[in-house]
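Presented below are the structures under discussion, each in the form of structure tokens.
In what follows, subunit A forms one complex with subunit B and a second complex with subunit C.
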Partner chain A sequence: MKDLRRNFLKLAGGAGAMAVTVAAGLLKPGSAWAAPWNKTAFESKASADAIKNLGAAELVESKDITITAPDIAENGAIVPVAVTSKIPNTQNISIIAEKNPFPLAASFDISAGGDAYVSTRVKMGQTSDVRAVVKAGGKFYTAVKEVKVTVGGCG
Partner chain B sequence: MNLSRREFLQILAIAAAQGMPLASGRAMAAARSGNLYELGKPQGNVTLMHFTDCHAQLLPGYFREPDVNIGVGDARGRPPHLVGDALLRHFGIRPGTREAHAYTHLDYVAAARTFGKIGGFAHLATLVRQIRAQRPGALLLDGGDNWQGSATALWSQGQDMIDASKLLGVDIMTGHWEFTYGAKRVQEVVSKDFKGQIEFLAQNIRTADFDDPVFPSYTLREFSGARVAVIGQAFPYTPIANPRHFVADWTFGIQEERLQRVIEEVRNKGAHAVVLLSHNGMDTDLKLASRVSGLDVILGGHTHDAIPRPVPVKNRGGQTLVTNAGSNGKFLGVLELDVRGGGVKSVNYRLLPVFANLLDADTGMAELIKKHRAPYETRLGETLAVSEGLLFRRGNFNGSFDQLILDALLATQDAEIAFSPGFRWGTSILPGAPITTEDVMNMTAITYPFVTTSNITGENLKNLLEDICDNLFNPDPYYQQGGDMVRVGGLQYACDPTQKIGSRISDMRLKGKNIEATVTYKLASWAPVAEGASGEPVWDVVTRYLRDRKVIKPPVLNRPRVTGVAGNPGLAAIR
Partner chain C sequence: MAEPMKIRATLQGDTADVRILMRHPMETGTRKTASGVVPLHFIQSVIVTHNGKTVLDAQWSQAISRDPFLGLRVKGAKLGDKINVTWTDNKGDKRSDEVAVSAGT
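Let's look at the complex of A and B:
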């Protein structure tokens, strides 16, 4: 069974599968694909600009957002980052690697009633705070976790 | 007044924190009366023996404890960041005794000559048998770093240690350096050699693709009237501290949320006591113990800290005791739990130093070791040079054998600067003793031994030193990797461990001249983690250097000028 899944993944990968996995959440059918690409947010070169361009004038720190990411990245090229929001009516979850040249790494629209859980992999060149920005009920909330990227060696 | 063991330990910890000298526990008393290995009356109904980080040392040898083991932030002045006299005072150990020698670097050479060699699997086997005779049903736990650290282990892909562990009677194990033989080799050993005898546990290793477990997370063991769960925790940063390509399909990490779920699972399955067999390193274990609830004891390793008494840590569920059992086969931890009425009523812990001249060699084990060494005996015994001074490795910044490696790299690689990794394993060699091929391998035997040279700018040199230094001195242990600072030859610098990354390293100089950010320097180093790296094995470079020199004068240690830590009890006066 495990091997089957692995083979499937390889085939799917070869066929050019979607790079981003939305594990348990529900993508808005249609609208996730059709939603206008937030070009200005993704092309922002500073984290503050990306946040502003997501439409967040003000961010409220929230304990209801959980970021699951390694303390030290095993491979900076593919850092697994998952975000869970327990904030009611979560509409969007965005992931920002603050020191990346283009900090906004991913932005997910969540349809009403969907599990507000997203999981993806982010490329990181250096140690940085990873910030989740959650839009819920028209307001913006945030949480931060530091992910260290190190040269390694010296065990 | 009827104190439980836990309350007693708490009081001890409080008293110790206030700097009161303490009369120590039973083990010390027994030691003074000469019965180091007599346990006396059982202190409970469950006994777990624990050794860790033996680094493939089958024969008795020497291992000098560090004189520099600096703690910063909350870790300042707390175990394990105590060395020398500060450690003795904290744990109430009398200077000049066998125990003082076992736990510290103090007067090392004279004490080593007085008290003799430590460890050795034949002697450890005798001790394990003696404990089992006194505590029938006792289990033996191995915290990992068993298969790596010697020539015979490297040349047999760990087979000598695998066979010795089975004969020793190891019941449960977790790992770290084991993985540097590659994922396939570990799985082969676990599924064949260990089958039905040694359980290899790791709750924090999963496949990178589907997050499937690679090894069982835990085992449940029955004692009379008690069910005990042992959970395994492999070294969380294996793919970072060691080459990732050895375990390319696996992912590690601390995984404390998953650990909490495993604890709940074993409690639901009726475990009365829950023990974590951990290769996290002691600082990480101390933090983990404060954040996870339901663990009675963490039996820890990785950082090679020989800590005579457990450290109690408060958490939501009550309290967890954290231990660390040293390295090189030098110690055997004996944990006794009194499990009654569904829980642990009291805990008794001893860390027994394994002195080879106090324990007869077990004949069966001695035979097995001899058999494994036979094909290599001549080669291992070749004398390459004689050492005039003490050679050792352990310490935050440098050791004399590392200095020897650095000197060899500088002499042979046409480089201005040399780096040698901050490994914590490696044996010690007494003044006047020959340096043999076996000794060189004890300091270098890894599966990625290549010497490489590169050109590096002053700026990148600084960034590299800052990066490595942060792995040692980040005040948050979850960002530490448990190794020591890279050993540096040729280059002088200053280091303030209390600063943040980017500000710890300063005053970098080469032959008195400031290092320039934009100038390129030639750097020689060994143990590259990148896939596809190649070069001459470091042991060949060192061997050539030793043969040429024949007599090795006491190496002059190039250590950084350490600032910001005056009076730190993890820093002994450097003589």
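Let's look at the complex of A and C:
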């Protein structure tokens, strides 16, 4: 009986969360359609899977992508990373910290004609490559920069 | 519930330089305290609009640092244009703040 009640509560909780999500979606009519959170890509544990789940089958190395990040980050909890893409029609910039437990850190959709520049701060568990994946005109481009981490910032 | 963001939008030529500082714990779900593991709690989505038109639609993971910073540039901005930022976290909390583009120094 007790177990049944637990299950019921769980179910009810789940349904409630769903309702909130749906309501949140409906509450912003008129604004641009926001893509749902890419759960599969964000929960990928290998950077190759994360890239695949972003929809990129093939990556082309590009010198038109600039990653601005420190060579050595003393504190892995705050690593400033900025990505600039000079590729025309840049639609999306994703930031991947390759050796993090969940490598994909962020994915930015840039509206048409927008400036292809984003800057943020990410956590890094250990020294690894930071990869930027840029989607432009249906193709995917990439660039890498290594960041040495003195003290890890996960956990 | 959520604390206000700090947003600064300054005009440089015809581009607004927007810097946003949000207040959020951004828990990774792996941090342990005396009372156990702190559950996953992070901002999943950030939407930046310029006079109501979306310019940046970001999806984040828990790997973004605590009290997240976001910097971007908005093309074709004018003095007084409205820059609105809305974030939503994995618990459904959200916060929206708006500033007007001010003159750069």
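Rule of thumb we're sticking to: the second predicted complex is superposed on the first by the 117 of 155 C-alpha atoms of A that agree within 3 Å, B and C clash if a C-alpha of one lies under 4 Å from a C-alpha of the other, contacts with A are read in each partner's own complex, and residues count from 1 in each chain.
Criterion: contacts are C-beta pairs under 8 Å (C-beta built on N, C-alpha and C of every residue); 3 or more make two chains touch, one makes a residue touch a chain.
In this text the structure is predicted, and so the values were computed from the model without any measurement.
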Key: Contacts of A:N38 with subunit B and subunit C, given as first, second, both or neither   = second
Request  = Identify which of subunit B and subunit C touches the larger number of residues of subunit A.
outcome  = C
Request  = Give one of first, second, both or neither to describe whether A:N100 is in contact with subunit B, with subunit C, with both, or with none.
outcome  = second
Request  = Tell me which partner A:A82 touches in the superposition: subunit B (first), subunit C (second), both or neither.
outcome  = second
Query = Touching A:T150 in the superposition: subunit B (first), subunit C (second), both, neither?
reply = first
Ask   = In the superposed arrangement, which partner chain does A:F108 touch: subunit B (first), subunit C (second), both, or neither?
value = second
Ask   = Between subunit B (first) and subunit C (second), which, if any, makes contact with A:E74: first, second, both or neither?
value = first
Note = subunit A residues contacting subunit B in one complex and subunit C in the other 80, 153-155
Remark   = Seen from subunit A, its contact residues with subunit C in the complex are 17, 20-21, 24, 30-32, 34-35, 37-38, 42, 77-80, 82, 97, 100-102, 104-111, 113-115, 117-124, 153-155
Ask   = Which positions of subunit C touch subunit A when the two form their complex?
value = 15, 26, 28, 30-32, 44-45, 47, 49, 52-66, 68-76, 88, 92, 94
Request  = Could you pull out which subunit A residues touch subunit B in their complex?
outcome  = 2, 5-6, 9, 68, 70-75, 80, 127, 146, 148, 150-155
Note = Within their complex, subunit B touches subunit A through residues 176-177, 207, 209-210, 212, 235, 237-242, 244, 251-254, 257, 421-423, 464, 467-468, 470-471, 478-479, 481-484, 486, 501, 527-529
